[in-house]
Amino acid sequence: MAEILSLHDAVTRYVEDGTTVAMEGFTHLIPFAAGHEVIRQGKRDLTLVRMTPDLIYDQLIGAGCAKKVIFSWGGNPGVGSLHRLRDAVEKGWPHRVEILEHSHAAMACAFEAGAAGLPLAVLRGYVGSELPNVNDQIKFIECPFTGERLAAVPSVRPDVSIVHAQKADRAGNVLVEGIVGVQKEAVLAATHSIVTVEEIVDDLDTHPNACVIPGWAIDAIAVAEQGSLPSYAHGYYPRNNRFYKEWDAIARDRDTFTQWIEENVMNAGETA
Amino acid sequence: MAEILSLHDAVTRYVEDGTTVAMEGFTHLIPFAAGHEVIRQGKRDLTLVRMTPDLIYDQLIGAGCAKKVIFSWGGNPGVGSLHRLRDAVEKGWPHRVEILEHSHAAMACAFEAGAAGLPLAVLRGYVGSELPNVNDQIKFIECPFTGERLAAVPSVRPDVSIVHAQKADRAGNVLVEGIVGVQKEAVLAATHSIVTVEEIVDDLDTHPNACVIPGWAIDAIAVAEQGSLPSYAHGYYPRNNRFYKEWDAIARDRDTFTQWIEENVMNAGETA
Amino acid sequence: MSHVEKNLDYTAGEMMTVTAARALENGTTCFVGIGLPSEAANLARLTHAPDVVLIYESGTLQTKPEVLPLSIGDGELAETALTTVSVPEMFRYWLQGGKINLGFLGTAQIDRYCNLNTTLIGDYTAPKVRLPGGGGAPEIATNAGEVFITLKHSKRAFVDQVDFITTLGFGRDGKGRDGVPNIGKGPTRVITDLCVMKPDPETKELVVVSLHPGVSAEQVQEATGWEIRFTETLESTPEPSARELEVLRGLKERTAQAHAGQ
Amino acid sequence: MSHVEKNLDYTAGEMMTVTAARALENGTTCFVGIGLPSEAANLARLTHAPDVVLIYESGTLQTKPEVLPLSIGDGELAETALTTVSVPEMFRYWLQGGKINLGFLGTAQIDRYCNLNTTLIGDYTAPKVRLPGGGGAPEIATNAGEVFITLKHSKRAFVDQVDFITTLGFGRDGKGRDGVPNIGKGPTRVITDLCVMKPDPETKELVVVSLHPGVSAEQVQEATGWEIRFTETLESTPEPSARELEVLRGLKERTAQAHAGQ
């Protein structure tokens, strides 16, 4: 049953050093406020799972929280590189970060399989790609009915998943609307889950087949207003595309990055 | 691209003798009008796929349309037996019907896999059940990551799927709302698809994550008002539970059944 | 079953439903079979377990029907649900994904080791009676945390060996779950109109743990197709309360009216 | 590239986008990559192909953005879509399920056999430049009916052998799709700011089939990292029309305004 906690307490309770964490949200509803709280609490050696690391993992990696990143597309969407991810992989700053790399299709299926309680996902994938040469977690099986060779990847089963959503009701039932990504899958696949929301309401006021995650499938709900900025929340605020562009210059340099984190995360209080 | 046809023409074009047909709708939105049209057109040797044969397949079987039935629960929900299915299986009337039997979980996964373009579905299923002894299409594979033994079934890929839905717009985009069952999966898994709808509207007037099947993924749309009675259409009319109970007596006897079909299907015109 | 003196007037069927309902703890996520389990689960929700989460395989999550559904997918279930998901999602994410504490099932046949048969009587290729089949049960029984079973007690239903194991209890030898990874506890309670049974912790054979008021051990044995064991600490099942009977009868009356009206 | 005499004034980039857009047939279901493919696909939709179906991997089905998205999941895409599905559904039902006629991709590196590299420059364990990675491309390239690729022509991008095959064109030997069941045709067209290329029907090696107005074969060779072949029936790519340029410029202007405003 979802407990309504402060973001600070939710992160303290569920994110430990060494934890495998998935902070999901496909471009939309990225849980930046929660990511910042993880940075503020100085968590270390995290295995960070996310289809698109985006700025949120660029920040966590640069701040030294990550031991390993599992991902399928690690760029700044429409802008260019994630400089902190690159600096860690290419030059080992602030320390070396291990990577495990998939395609989107495989990772989406791996989240789906995790939610479905399966140990593996099977897909028509990776044909002719050299990713299986560098990722020993990509295997191939033979269909017992047709003999077709199909790719198999382990399902994603994070210790903790963190997602952001529009709203929760007082029983902790959560509505996700718009681009729903793999957020529901991330929550259902994880041992524990934290959902940050724009607001808590009396009634979700929704439609028969809405993407609602029941409160009993969630561990903690925390209110984080504008908690996905510079990403966006459908119905609440738009994506701050300008900031995504500005991030390129901020993150390119270790010092400007460190200063940005200091000013905007470390010294910014729990709402940043 | 969906073509808007009469139900007669849609069935004539896509359902041939010997075709594998899935008429889906999980209790809700069962395409009875289409089933009746198939009976009226005297189709033979059909392989009928459906999780719950329900009255619709009881009628098709009793009317002599079926060669084989693939299903996972063949009763009259809340009432008792499907007498026409039983008479065919137990006594071979009007002729012997072959059956291939799954569990709901396997069949739901098989529809999902069919929609996903895969040859098989993998599930944690059939443990300790004797169904694999009588269905050679249930096999077991070993997970290459964990060694766990998992069930595998072939995906469902019908020649034609027929479903009923609330409404279509003029481009043939279809809204399904309420209990959506495996209807979307049935349409996407099939080579061809027919969707009957209560009405065609200018605008589906729906929400961001509604279950909408695009017109370009459908072959034919046919208007069939009250086309799922005695099943129901959320937002249009309720389930005729009384008729489901009455069916028990009608279907129990070959003569009353034959007479019912004669009066209510054969002589009833295209709208029945 | 002969009626004996009771504090309140109720039927054996009501006794069964109330007992089954009481077994359901508040807050449980329960995957509900249609018929008797659905009746008991909704009675629980309307009495001592307002926060029980009822889930039907039609995709209706956390539903609160005002009247009992006739089918597993009546409109009432979708209209009163928190949300409705596709059937593949229901079986994959919610059941197989390990979100269900309890599966609540009925059956046509049950045997000494709690295996269930809803497939057929006789031989598979030439059945005497063809039953509806497995439906959701085979995977509910293995993927839910545990399973309750409720059905009327009779020699036709309680057989030494089921004709066909549609749904695993503990297998033909009671060891069907041993060493199987990622499997639920299986049946933990069987509630009939005569008594409550539980599997022996060691052998998994069904043992009567409680007799309903006015029911004798002989009656249970007569209605059971094998030599049934009784626990040493055999209890008497508590009677239904006036409140439970009132709520149950109200529910059934609303249901009868609703289904007759269409 | 030096500008030469043309009927209208336009840039090489505009020539590329217009040519890529024209390649898209009305009614096609197109899985759209972000950046240049998205620009071209939306230009097509706003000009000759109003019924082209644009699908982005964020789950937005049949979307009609007024301004170009910066990311693959801008709000604009969901707000103008027919519906939005989950990302697993997008990759499973719509892409892998065979509903996509055409995948429209960009890339960082491309080689003689149309293999794409978006993973890294250098060695995998010690990369010189780490690129974003595969994203949707590996399965778009194999599960879509066919693939168009659009990118700027340069020696850094057009290499004899990619450092890493992220996404299959035709493999290191041109035979990477031979005998593979259930695979799309692969790349059928590469559109750059200099020319249009197609794979040779036999060897699958990229061949220039059309030069953009004012571009010489030498220019193409200079910008290509291997000895590029030209077809015997080399054509001149038709120029953009005034209407196409007007629509494209309007689209880019609206986009710039929208993105600056936040």
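Which chain is which? They are A, B, C and D, in the order written, and residues in each are numbered from 1.
The rule is simple: a contact is a pair of C-beta atoms (placed from the backbone, for glycine too) under 8 Å apart; a residue touches a chain by one contact, two chains touch by 3 or more.
As the structure is a computational prediction, the values presented were derived from the model and not from experiment.
Fewest steps needed to get from chain C to chain D, stepping only to touching chains, is 2. For the pairs A-C and A-D, the count of C-beta pairs in contact is higher at A-D.
Chain centres here are Cα averages; for chain A and chain B they lie 39 Å apart. Remark: chain A and chain D have CA centroids separated by 28 Å (rounded to whole angstrom).
For chain A, the set of residues touching two or more other chains reads 112, 117-118, 123-124, 148, 178, 180, 184-185, 208-211, 234.
For chain C, the set of residues touching two or more other chains reads 78-79, 84-85, 92, 96, 143, 182.
Shown here, the protein chains touch in an arrangement that is not a line, ring, star or fully connected set. Every pair of chains in contact is given here: A-B, A-C, A-D, B-C, B-D. Considering their complex, residues 26-28, 51-52, 71-75, 77-79, 81-82, 85-86, 89-90, 101-106, 108-109, 111-112, 123-131, 134, 148, 178-182, 184-185, 211, 232, 234, 238-245 of chain B touch chain C. By the touch rule above, chain C contacts chain B in their complex via residues 34-35, 57-60, 69-75, 77-79, 84-88, 90-92, 95-96, 115, 119, 124, 127-139, 142-143, 164-168, 171, 176-177, 180-183, 258-262. Interface residues of chain A facing chain B in the complex, by the touch rule stated above, are 117-120, 122-124, 137, 139, 141, 143-146, 148, 150, 152, 154, 177-178, 180, 207-211, 234. Within the complex, the chain C residues that touch chain A are 27, 29, 53, 61-62, 78-79, 81-85, 92-93, 96-99, 143, 182.
Residue ranges on chain B touching chain D, taken from their complex, read 1, 112, 115-118, 173, 184-185, 188-189, 206, 208-212, 214, 216-217.
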